[in-house]
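Each chain carries a letter (A, B, C and D) given by its place in the written order, and its residues are counted from 1.
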Amino acid sequence: MSAALDYSRQEMMAIATGREIRDGELAIFGVGLSMLAGFFAQANHAPNLRSMTEGGVYGATPVGGLPWGIECNRISSNATSFTSALDALGFLVASGRCDVGVIGAAQVDKHGNVNTTGIWDGEIGPHYRPPKTRLPGAGGANDIACGAKRYIIMVTHEPKRFAERVTYVSSPGYLDGGDSRARHHFVGGGPSAIITTLGILRPEPGTNEFVLNGWFAFSGIEEIRANTGWNLRVSPDARLIPEPTAEELANLRKVDQTGALRKK
Amino acid sequence: MTSKLISLSEAARRFAWDGMQYASGAALPVGSDAVIFGRELLRQKHKDLHAIFHCNSQQLNLLAAAGAVTKAECGFSALEVFGFANGLRRAVENGQLALEDYSNLSMALRFLGGALNWPFVPATVNIGSDLQDRSAFAPDDYPARSKIPAVVDPFTGREFGALKPLRPDLAAIQVTLADPTGNAIMLGTEWSRYELSRAAKKVVLIADAIVDPACIRQFPNLVRIPDIIVEAVVHWPFAAWPQGSPGMYDIDESHMAFMNMALATEEGTAAYLREFVESYDDLDSYLDLIGRDKAKALSQGSSSFLLDPYRRWILPPEDVAGLAAPELAA
Amino acid sequence: MTSKLISLSEAARRFAWDGMQYASGAALPVGSDAVIFGRELLRQKHKDLHAIFHCNSQQLNLLAAAGAVTKAECGFSALEVFGFANGLRRAVENGQLALEDYSNLSMALRFLGGALNWPFVPATVNIGSDLQDRSAFAPDDYPARSKIPAVVDPFTGREFGALKPLRPDLAAIQVTLADPTGNAIMLGTEWSRYELSRAAKKVVLIADAIVDPACIRQFPNLVRIPDIIVEAVVHWPFAAWPQGSPGMYDIDESHMAFMNMALATEEGTAAYLREFVESYDDLDSYLDLIGRDKAKALSQGSSSFLLDPYRRWILPPEDVAGLAAPELAA
Amino acid sequence: MSAALDYSRQEMMAIATGREIRDGELAIFGVGLSMLAGFFAQANHAPNLRSMTEGGVYGATPVGGLPWGIECNRISSNATSFTSALDALGFLVASGRCDVGVIGAAQVDKHGNVNTTGIWDGEIGPHYRPPKTRLPGAGGANDIACGAKRYIIMVTHEPKRFAERVTYVSSPGYLDGGDSRARHHFVGGGPSAIITTLGILRPEPGTNEFVLNGWFAFSGIEEIRANTGWNLRVSPDARLIPEPTAEELANLRKVDQTGALRKK
């Protein structure tokens, strides 16, 4: 059936992410993969999703393909309200009102901390220096990581992206693990899942270390561990994640009109 | 009030200087940003800018690529779906530009704090991350307590962060519609243009279209930037190009990619400056550069209905020319 | 999204309770306030309210006169040109209501801080005065450091004040136009209705008119309260009466004075409650109470042109009735 | 000429206040007297006055008479922008941008502190108690007093209103005099004048105690001192304030269409 359906790894990742989003929730998506996962959820099983973008665009669904950004015409042409960053990221996200956010990562570590700022040759050291490769920066992800009730990290599963400890914490996960988030009094609960091109990781209660919770039909425990830069433990209830149904795939592709996720 | 309509070059001459804290990018990376003002700053050879961009846009990407920026503060430094901002990236990686990282909320909060002239802004975000601990402006300060120091909540005794308010010297703000005295309407998300307009010491509006003041009095709730805080108004259609302005024109997808590709190298940047910065003499030749057919196509996007209620008040170019601020005309 | 249109009485039944922190008055004393919601709270015999009113309005004046409020927080407690608010004044002077004083900015800042869920809000106003030193809620605390305690700016070491953010249990917000799901447009100054809509735990809109959602999609920049934060929508023309709603109806000058005079005494208040609170059964009999001719005259004020762009989307009463939220109808 | 002109004391007070306001200034007015003084200035000598109300109403001039409040139809019907209290009182006044404000007072003291909150029988004492007579509260006046570059206090000149020390400081003047404002780091400069139905008081440099700076054609030093609840000193440069010109009166009455100021 999997072969018959013929879906890509990115599509599986988007569907698995979308499944985490429940009907009626207040949700924030960024541009790209995150938006596709979110609008897939809305099209598929969460018709009453209350979604917004970081720019304060409300009530919009993409028109004519994946938006180029969180305010372009493809998302601005059927909105019910336009406000501002302060409104969306401040009043609705940092305040703790937002149920769920979806963010990306260039590098993620075993406690769910995310780096989207830069790649250095080794540690940065006590003296700050520019990265070897500059990345996009924190954007709204830091605000989601601090304020959203929970958030999901979407990331391509490659060893270089899965580090024991990220070089630079752009968006806080569980920091040093355990209850180390508590010292900053964040209203947000932290990352609920890392969803990748190979499977799903979830935080282990108590330690808040991410452990393997599920693999896809086309992947497996060993492949996932081999592609993870720390000694990934496997949750006792880890299982095979159900493949996309034909309906899920159809709903995803309605959103992904231009086939951004099918390319790989 | 009297007309504040002046030319783009006059606006840059009067309000810009080397070393100033220059704010734009109070729009998102692909949206309503006064990219044209950045082009003009380069035409007038400005340098050593301290750029305050809520998000990077093609304007900062271009200014950084051309070497005109030595310091920048940003919440997001890429171009959304168009990928990394190659010009900014190159300037950061080669150490020519110190980029101080914040988040998209903390930049908005810093404008808010500047607008209120607060000593500091409470931060419940950015704390507990390297946004708090690392400073490109104070690289030896680790953890960088000069950047987002701790502040104690007097109600609970808990520690939070304190953000530094922003009061840029000049903000060039792209708006959809303005009247000649500087009452402005923005269509699409404000991002942080509203807060920036109050935080900046001087505000120059770059308007896609000039409307009759009757439009302003019909829709006062849409006038989020009132004339009393505006120094000058520049009329410049396609000011955000290749980015988009909701209701007015869509993103020029091919030029977005082309421009970013060009800015990835010094040679490409030099060529871009020749062809797309120094090449036009006026609005007419600028529109020729974009291509009249392309401009027309971009104007017929799916959000153009947003402009419908205001179209009848848009002044034709000849009327706008007649309204130029008298003391500066000629 | 599904319709959230419910009746006024249903809205008060579902969302109000004795002892709640109830916010309205995010409008000015003579303007857009959901005075009708206060009437309904009295019809349903609510008491012991903790009123959070940016400014006093005839609503707080009435609630206080009727003895339904035990605590209130305000920036301004009179009725502008109509003088002292006699009902509120009487309740304060006889010690029945503890009125905590702030200023018109600090109330707005406290809504802002509540909306951001901040631990505290920096204050550069109210400090150094008895607004800081005196607390009606903590009368023995002098200087009242529990009210606006000092906070130290970590950048300069200077002392400023810290305001307590507000997160009212319920806000009944008067708006000019709303669609059935709760996207709302306000004409005239927002005062602090925008910030309050984000600060309150629950928001009920009281709308002068219900519009087709197409109006909302035509003017998204005017939709300052999006449906995603709204619990219910009540359609009630002249909800602010005798106050005014810009674009919709002018202030009823004679009733403003009459009402305030009545609230000056217990007897007058009892009579007012009989005649203007308990006397109507529905919207029709409420409009009869105002007087159909007077209502018509008040609707033809000098600001009525502000409504013109939206008139064609206003739904007639029979259509609105048909849109009532199905799960609550009957 | 004065008899010929036939103006009221309130009209003189409004005109004297209006004369303090300069062309091009950013100014904030409250409802009533304050607005009349401000719009008189605009009609008379300050056509480029940039005025606003506390509610964020910009570009408006009253239509059809004195507005009932700062958002009623008489001020809302020809505005160019409507925003909010946070904008007007916060971004434009508390920030220090506003050049001049005009506030009223129920009670004012020799250091320009204003009480608009209540009248008590004597001192309040260490335990806060409700006033015998409750007044309107601070409104936006406190914010103007803290933030505006300068502000003018308009008040009817009666002994009970002019106290050695106000019972309750609703809006800070020079507090205990001298540089005692400095400890609160206010961006605003403090009150520049107290303009009354009898004359004009201004702060003495150094002490910041208010001293008599001018009297009107119908008043005099002794009458003013007798109506002041502290030992009012007379500035060496105190003088007779010029009467309203016919043009000034005409301009004032254009604004005060309903004759609110002529009643007394």
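One rule holds in what follows: a residue touches a chain if its C-beta (ideal position, glycine included) is under 8 Å from a C-beta of that chain, and two chains touch if they have at least 3 such contacts.
Computed from a prediction, not measured in an experiment: that's the story for all the values here.
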Mind listing the chains that sit against chain A and also against chain C? B
Tally the contacting C-beta pairs at the C-D interface and at the B-D interface, and name the larger one. C-D
Roughly how far is chain B from chain C, going centre to centre by Cα mean, in whole Å? 37
Whole-Å gap between the CA centroids of chain C and chain D: 29
Quick check: how many Å separate the C-alpha centres of chain A and chain D? 57
With chain centres defined as C-alpha means, what is the inter-centre distance between chain B and chain D in Å? 40
If I count partner chains per residue in chain C, which residues reach a count of at least 2? 116-117, 119, 124, 158, 160, 187-188, 220-221, 305-306
Where in chain D do residues touch two or more of the other chains? 82-83, 90, 94, 185, 187
Based on which chains are in contact, what kind of graph results: line, ring, star, complete or other? other
Let me make sure I understand the interfaces: which chain pairs count as touching? A-B, A-C, B-C, B-D, C-D
Footprint of chain B on chain A - complex, ascending: 31-32, 53-57, 63-64, 66-74, 76-77, 82-86, 89-90, 93-94, 113, 117, 124, 126-143, 145-147, 168-172, 175, 181, 183-187
Chain D touches which residues of chain B in the complex? 1-2, 115-117, 119, 179, 183, 198, 213, 216-217, 220-221, 223-229
As the complex stands, chain B meets chain C at residues 116-122, 124, 149-156, 158, 160, 162, 164, 185-188, 218-222, 305-306, 308-309
Complex interface listing, chain D residues touching chain B: 26, 48, 50, 52, 58-59, 78-83, 87, 90-92, 94-97, 185, 187
Quick one: which bits of chain B touch chain A in the complex? Just the residue numbers, please. 27-32, 54-55, 74-82, 84, 88-89, 92-93, 95, 98-99, 101-109, 112, 124-131, 134-136, 139-140, 142, 144, 158-160, 187-192, 194-195, 244, 246, 250-251, 253, 256, 301-303, 305-306
